[in-house]
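In this document, chain identifiers A, B and C correspond to the written order of the chains, with residue numbering beginning at 1 in each.
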Amino acid sequence: MPSPAAMSTPSTIAEQLAFDAKDVCVWYGEKQVLYNINLGVRPKSITAIIGPSGCGKSTFLRCLNRMHELVPSARMEGNITLFGDDLYAPTVDPAFVRRRVGMVFQKSNPFPTMSIQDNVVAGLRLNGIRDKAFLNEQMENSLRLAALWDEVKDDLHKPGVSLSGGQQQRLCIARAVAMQPEVLLMDEPCSALDPMATQKIEELMQEIKRNFTIVIVTHNMQQAARCSEQTAFLFMGKLIEMDTTEKIFGNPAEQQTEDYITGRFG
Amino acid sequence: MPQSHTLHNFDQALTNLRNTVLMMASLTERSLDNAMTGLFERDTHLCNVVIADDEEIDTLEKTVDKDGYDVLIRFQPVASDFRQVIATMKLSNNLERVGDAAVNIARRVKKLNAHPALPEVRVLEPMYAEAKAMLKDSLRAFTDGDMEIAMALKPRDKQLDRMNKDIADQLTDAMPKQPDQLRGYLNLLFVARALERVGDHATNIAEDAIFAKSAQDTRHLNPLKE
Amino acid sequence: MTTHSTVREWGDHHHARKRKSAFVSTVCVLSGVLVVTPLALVFIYLVIQGAASVNGDFFTQLPKPSGELGGGMANAIVGTFTLLAIASLIGVPIGIFGAVYLAEYGSPKLNWWIRFSSDILNGVPSIIWGIVIYGLMVVPMKGYSALAGGVALGCLMIPIILRTTEEVLLLVPQGYREAALALGIARWKVILQIVIKTASRGIITALLLAFARVAGETAPLLFTALGNNFWNRNLLQPISALPLQIYSFATSAFDDYHRQAWAGALVLVTFVFVLNISVRFLTREKA
C-alpha cells in the first residue's frame, strides 16, 4: 500500500509544502481522535478533506491554525509546519499563526455590531492597523475577491447581518482574506447555503486559489470532486488515502475509499 | 461479491442496466448464429428472422443508453460504478454493430441461397467459429471481469484478420475459374468481412471491459499498424 | 375500524370540554388581574396621596426644620444619585469582570463556587450589608458617611450584576468568539471588543435592573449613610437618600413631613418604574 505521504510530495524539490503534517495525533481528554496523520498540502491549490461524520476532519483542520486549543481538554502531538515554519514551537503565539492562516466556518458569523465595511477590516483594525487609506483599500480589494463588491458597494454602512446567508458567508470570506493570510481554511463553508450561493462560493474559490492555498473540509463529495485538486480521505481518525482528485474519485487505491465514495457504507 | 450500495435504488438501477445489456448480448449472439446457420444450411427463413430481430436489438441499444444516462444524472456515480456504467453503454453500441453485421450477413446469405450452393461456403466455418468464440469470450470478460481473457482478444483478432485475408485470397483465386458465380463469391467475401468486423467489435468490448475493471485504457496501444 | 363511533364520542364530550376550558381560562384571567391589582392599587394610592405635593419646591428645596411648612427633598434626590454613583464604582467593575471571568475563563469547580456564593449573597437581607459595612467602615472611620452608604449599596449590586451579565455573555454565540480568534485577535481584545460589545445591550439592562433594585434600599443606609437634612458637601459625611428621607418623614410627628413623604414615595416608585420600562424598551424585539 503506497504511503499517503508519498502521494503528496511535491513534484519538484523546490516547491515547498504549504502544510506538512507529521504524525499528528489529537486527544480530547482521554479519547484519541486523530491517529498519526501524515499529509502534505500543496501551495496555491485547493485540497479537500472528506470522510464520514466524526472522522476527525474538522479536528485536523483546526490543528492547522491551532484553533483546536480552544477546547481545554484538547492535546496534540506531532508536528505541523507552515511553509517550513513550525507552528507549534514553544515561542510561537497562536494568534500569530492565525494571522497567517485564516478560517471560514460552517455557519457564517459576521460581527453583529459592525457594518459591512467594518466587518471586512475588523481583523486588521483589531490587530492595531489604523491607516484609514490602507483599510479602505483592503476593504474594497477583499470584497472584490469575495465577489461581493458589486452587490454591497452602495450599502457598506448597513449592518453585516442584514445580508442574505450566502452573502454573509462571502462577507466572512472577505474578512478572512483581508488579513492577507497565506492559507485559507474552510470548514464546510457551504453546508448551510442553497445551491446558487454554493456555486458562487465554489467559483470564488477557483478565483482566489491563485493567491491563497485553500484547504476545505466538506461532506459533500461532489463538491470535493468539483473544486479540489487534491483530496484526502479520513476515516475514524486515520488518513486512508490522499491523492489527486481524479485518482481518488476515478480509481482509488484503497478499497475503503472506494466503498465510501460509491456509497457502499455511510 | 462487493457490498451493495446503501442506496437501494442505485443498486437496482445498476442491476437493471446490466440485465438489459446482457439480454441484448444474447439476442445479438443468437442473430449472428442464425445468420451463419442460414448460410451453412441454406435456410432463408432464419435470415428473415435475423432481419426482423434487429429491430429489437436497436431498441435495446436505445434503452441501455437512456438508462445509462439516467443513472449518471440521478446518482452521479464515481470510481468503479462510473466506469461500469460507461462501459455498459459502450457495450450496447458495440453489440448493435454486431447486430448490424449479422443483418448484413443475412442479406448476403439470402442472395446466395437464391443460387446453387457454392462449395467454398465451408471455408468460412473455422472463421465463424473463432469470431463466435471471440464474441462470447469478450462478453465473459465484461460480465466476470476476467482480465486474462480480455487481454487475449487482441492477438486473436489479429489471427482472425489473417484468416479473413486468406479466405479473401482463396475466393479471389476461385473467381476467374467460375465467372458465372462471381456474384456469389463477392457475397461470400462480404460475409467474411462482416465476420472480421465482429472480431473487431469483440476486441473493443474487451478493451472496455479492461477499462471498467482496472481503469486502464488499452486502446490503440500497438504502434505497428498492419 | 371504530373511528365512526369514536368521532361521535368526541362530539358528546365536546360540551364538557368547553366548560372545563372556560373555567380554566377564567381562573387564569383572574390570577392575572390579582397580580396587577396590588401594583395598580399602590400606584393609585400614592398618586392620590402624593401627586399634589410633587411640585417644583419638592425637587429644589431642602427640608424645612421641624414642622415648618414647605420645603422639599432636593438633597435626598441628589443623595440617591450620589449613592448610586459610588455604588456603581464598586458594583459595576466587580460585577462585570466577575461575569467575564465566569463566562470566558475559569475552571468548572471554581465557577460553581463563585456562582453559588453569588446566589447566596443575592438572598442575604440587605440590612446585613448595612451592619457589615457599619462594622468595617463606619466604626473605624468614626462616623457615618456617604462613602459607607455607597459601599453598602455597591456590595448589594455585585451579585445582581454578576449573574445577569454572565447570562448575557453566555448568550453571545460561540461563533463570534471563534471568528474573532481565527483572525488572530488577542483574547482579551476579543472579549472586550466583540463579546462585550455584542452583549452591551444586555449588560446595560443588567445595570439598570441593579439600579432599580438598589435605589429603593433603605435598611443598609440606616447604618451607613444615616441621612442628612442638608446638602452633603463631603463624601465622608452622612448623606440623605430618598428612602431614608421618606422613612424619617413618615415616622415624624408632623403632617407636612407626612405629605412630603407621600410625594417622595411617589417619586421613588416612578423612578423605579421608569428604569424598568427602559429595560423593557431596550430589550424589545427589533421589528
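The definition used in the following text is that contacts are C-beta pairs under 8 Å (C-beta built on N, C-alpha and C of every residue); 3 or more make two chains touch, one makes a residue touch a chain.
Because the structure is predicted, anything quoted here is derived from the model rather than measured.
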item	value
Chain with minimal offset from the mean of all protein Cα atoms	A
Chain of greatest Cα-centre distance to chain B	C
Distance from the mean Cα position of chain B to that of chain A, given in whole angstrom	52
Interchain centroid distance [CA atoms averaged], chain A/chain C, Å	48
For chain B paired with chain C, centre-to-centre distance based on mean C-alpha positions, whole Å	92
Multi-chain contact residues (two or more partners), chain C	none
Complex contact set, residues of chain A against chain C	65, 67, 70, 95-100, 102-103, 105, 107, 109, 111-113, 122-123, 126-127, 172, 175-176, 179
In the complex with chain A, residue positions of chain B that touch it	2-7, 10, 76-83, 214-215
Touching residues (chain side chain C, partner chain A) in the complex	173, 175-176, 178-187, 189, 193-194, 197-198, 200
Chain B contact footprint on chain A (complex, rising order)	221-222, 225, 249-252, 258-259, 261-266
